[in-house]
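Chain naming follows the written order as A, B, C, D, E, F and G, and within any one chain the residues start at number 1.
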């Protein structure tokens, strides 16, 4: 199927192609690939979220390149793709986390938060007058003592993972994770795996300010970001730093 | 009818082609075929739902590949096609089951739940500004001591079956079911038939984590999923396991 | 008028062609012809509705192939065309029958029920953002001791008939009815005529499970379906059964 | 103006062509011409409405081919064109007649009823999202002792006539009326003129069941239809009957 | 600017062409020219409105060819163009005249009534989903002892005139008025000028039933139409009658 | 960028072209240029507004060719472009002036009135379903003893000027103003400059009825129009009158 | 991807291209580049905003060319691109600043104000029926003793910077900033850097009336614009003035 024929189906978001595909959703997946990569790793004692945050200028504040966000004390999100779209979905997740605390007087489960977000995404793929969200999210957190790691994609489908990559170079990084991941890893091993995975597609190595890492561990049930010194220490320890 | 002519009719969902067809609904049926297969078998003592759930990565949690869902104690659903669409219809069915319990103080009938869902689907094929649902469902359950098994398709038509397949390779599996199904089967025979049917189109055999099975039996009126060990035992018993 | 010219008018439902035609309504009539046939016969002592219900698989429950429906005690409907559309119109008729009983404390007339439905159909042919209904209905019933038989078509026009066919092979069956119908027929004669009419376009004869028949007789004012044994007895009696 | 150029203007109902025409309204006039003819004649002592109602099958009930309708005791309507559209306008007229009786405690004037209908028609020619009505009406009645006869056309313009034809063969019949009409005619003379006018374009003559006639006379102020015997007597008297 | 280029701009009403024109408004002006002419003349002691009302059949009631309408005791309107559109604007003017009397307990000024109508017209040229009004109006009346004569055009612009023509042959008639009009004319002189102006573009002369004339004089402040005898007398006096 | 390419962007008002332009806004600026010119001059003791008002017929009332309008005691507006659009914006300004007096019990500032109008204009350039306003305004007035002169353009941008021209021949007149304007001018000097500027692009000179002039002086804070005699006296004094 | 192919995706704002881009957002970025440049510099003791404001005529009031605006006492904004769009976003920011003071009784943070604005921008890139905002903003201010400097772009993404340029010649100015910026600068050094950066792309040097500068210093937490004399003194001091 070429040229003019395909065009007929991808201009309108809400219609199927003759072979049963939704092109706008597939193009939104391409928007995800245009973003830098994010990685999630689930270990027995917690979840690791890591993200590559390139900067187009040395004068930009790295912290303003938002890739990892706290949703609630016990849940964080890493994103890849269209940044402005990601911010909308993160707002949806935060509001839902608050609603849950108010209504049931307890933290929301990672799974139900994820599904609130994917339901929201799905509506933008079926109803006319809007485009899909050009972003994928990794939702990691602790619920009832269990670490959980979910992915949302632009079709609005939730998936649960042991370890997963989204964004640019997704396929290569996922292959790396499949080769290296073991269920026996502890949280620190998860941090190392996530960093090595990001490094595997960066020819120049990683630098501490260009990587965003957060963990949510089973014991504290607390989302926490590593500061630049902590990241730097790991890069040295794992020999992942670039030349600069 | 070729190329440009056909295009004229499939861009807008809500119009008929000169030969009286609704192309968008037909393309939504193609979206169903792009999904992996699900099978339903009705026996005298209960209903069996079975689904193929391939995983694109060994790191994905199989349980997050949602193919079979509990709607109410006595009703379950297996889906094939666009996963995010399936989740919306399952929500419709669950809400309706709850409404029924609240309003009439008794469980909803399998047939009325199915027709609530098909009415909902039909509206998306007639009113502008939206696309049809790219998913088919098998709705199985017990009502008044009778096992019932329904199919919903993207046009919003309900069908009742003794044994039926939806999704990829539908035709081959349905032929298999027509050859092998007998009304005298018991529930365990239904499980065997469903597994053999799925295996008939899988060259590499089945593995326990890649198959989702649930039964609703007449006696307990309870939806229940088989765990991975129970599936594994059947695959061994019926010699359906693959090499891995 | 050929090719491109015609296309200009049939994409939008709500516009006339230069020769004053509404193509979308005409294409909806084609959708009716894609369905299997239904037949209605009015006799002095009641109305007969009969419908061909082929099944695409021996495992399908014939009763779930809905062609004849009870609207109220004294009114039934047979449909041909898009099944999911038919279900919407049947709901409209049933709601209207209930409203009538509540409001006037008496059963609705067959004619007023028919016109409620055709008004509903007409709106879908004039207002933008929706397609016409791809279905025709035969509405039969008793009111004030009189048997009545109406047809609704996709333009929203009501017609009253002595005997009429809708759906596939309509022209042939209607010719058959015109040759064979007499005003002196009794209800049983109407059943025979309806079955012979359906058989006239079925090379392989009829089988009891593949025909749906209902009558509403003047005396009891009751809609009633014939069960499979009753149908089978007629097919034997009239020598209309096929080989299987 | 040919082919592609014209198409540019007739697809959207609400726009003018460069020469100031509304093509959709003109095409709706073609839809009127596709219907069988209706004739109205105003005489000093009443108004006559007559309509040709062909039937496509001998089994159809002629009375269900609706061409002449009572709006109120003192007003009737004959239509030509799209039947389902006519029914909507007739409902508008009937509701307005009722509103008038309730609000002013007296029958509505023929002129004000006509103008309510034409205002309603005009809106469908100016506002987007709908098509014009493909029907013309003759509104005849008595008000303050005066017989009145109006025509509504698809643009929403009201005209008052002494004698007028709408629908198929309009031009020929109108020419006939212009030649034969005299202001001195009485009601029976009006009936004869109306029948002769319809017959003038029917090669096979008229038959009683194929003609619908109603009168509203000044004295009784009552709309009344002629029954088939009364029509038959006139056809014999005027030697207008066909061979069958 | 030719063919395809122009089409790009005239399909959508609400957009400008590259040279800053609104084609739909210009085409609506063509619709005005398709109507028969109307003429207004303002004299020191009153305003004259006159209109050509051809009839396509001798059987049509001339009075039903509406060209001049009373808006309030002291204001009248003559129209040219799309008749059904004119009726809507006349309703707007009448409602506004009533509102003014109710709210301020005095008759509305001719100028403010005109501007209410032009504001209404303008909205149909800027907001999507509707077409402009294909009609021009002459609004004549008396306010505070002053005769006033306004024109509204399809763009929604109001103009005040001493003497003006709208509709078919506008240019020729306007030239005639510019040559013949003097400020010293009295009302009867205005009637003669208006009739001569209409006659100047009618090769066959005028006949009394084909001309509609009304005056609003300063003294009585009363809109009044001339009856057919009064018109006939003037045509004889001014030797403007045709042969019939 | 030529022909077809450009068309793609100027049909829909709400979209950018690849080089970041809004063509519909640019075409609306062309609509402004199609109007006759208006000029504004700010001097130390007041603001002058002047406008060319050609008439297409000697019978038109010049005062009805609206180019200069009073908004409030202390503010006036001169327009150029689509007259019917100008009237809408003038209504917006007048309503806002009234609201200000009611709410704050003091006259609105010239700047805030201007910005209310430009905000209103901007919305018509961003939201779908409407076209931009094809008109520019000069807003002149006194606030806190200061003369102010603003321009609004079709994009909704406000500019403040010492002396400015809008409408036809804008560039030539603006050049004239840049050459001749001095900050030391008094109000009468401003009137002379404005008249000379308009005359500079009129080969036939100006005539008193064809020019509309108003001033708002610092002392009286009163908008006032010059009557025809006052204009005539200036034209004689400045030797700007044409031959007629 | 060339010509026709690209057109398919940039006409509708709400859809992705096959490579995952939103062309309308990219074209809105071109609209930003069509504006003159603005520069922001953050130093330890405050934030500097500077903007180039060319005038197309010497008679225009420079202060009416709005490039830098006060949002609240402690926050200012510099814009580049479509001026009328900028005014809408500045209104959004001001309203939000007021809401914050009313609701929490304290000034809004610079970051939260920025994100309110970017959320507002994002909605115009996803929902149909509107175009994106063709403007970028620099938001500078003091919160909790910290100077902050943010950029908003047409996609609705917020970025934080040490020093940044938006608008025409963005790339060249940003390179200049990257070469010259040091974290040790004080506020006056920031003013010098900002002026030098603007001058680097102006062949004719800067003149005091053509540059708009504001600072918000940590100590006073007060937004303040430099008057023309203050700007002139800096241009002399830094030898940045042009010949005029």
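As a working rule, a contact is a pair of C-beta atoms (placed from the backbone, for glycine too) under 8 Å apart; a residue touches a chain by one contact, two chains touch by 3 or more.
Listed by chain with UniProt protein names: A, B, C, D, E, F, G = Proteasome subunit alpha.
Quick caveat, the model's predicted, so the values are computed rather than measured.
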{"item": "Between subunit B and subunit E, the fewest steps along chains that touch one another", "value": "3"}
{"item": "Co-neighbours of subunit E and subunit D - touch as defined", "value": "none"}
{"item": "Subunit B onto subunit F, rotation angle from CA fit, given as a multiple of 5 degrees", "value": "155"}
{"item": "Whole-Å separation of chain centres (CA-atom averages), subunit A against subunit G", "value": "31"}
{"item": "Length of the line joining the C-alpha centres of subunit D and subunit G, rounded to whole Å", "value": "69"}
{"item": "Sites on subunit D at which at least two other chains make contact", "value": "128-129"}
{"item": "Contact graph of the chains (line, ring, star, complete, other)", "value": "ring"}
{"item": "Successive chains around the closed ring, taking subunit B as origin and subunit C next", "value": "B, C, D, E, F, G, A"}
{"item": "Subunit D partner contacts - residues on subunit C that touch it in the complex", "value": "5, 8-9, 12, 14-22, 115, 118-119, 121-122, 125-129, 150, 155-164, 174, 177-178, 181"}
{"item": "Parts of subunit F lying in touch with subunit E, wherever the complex brings them together", "value": "3, 6-7, 10-13, 23-24, 27-34, 57-61, 63-65, 82-85, 87-88, 91, 124, 128-134"}
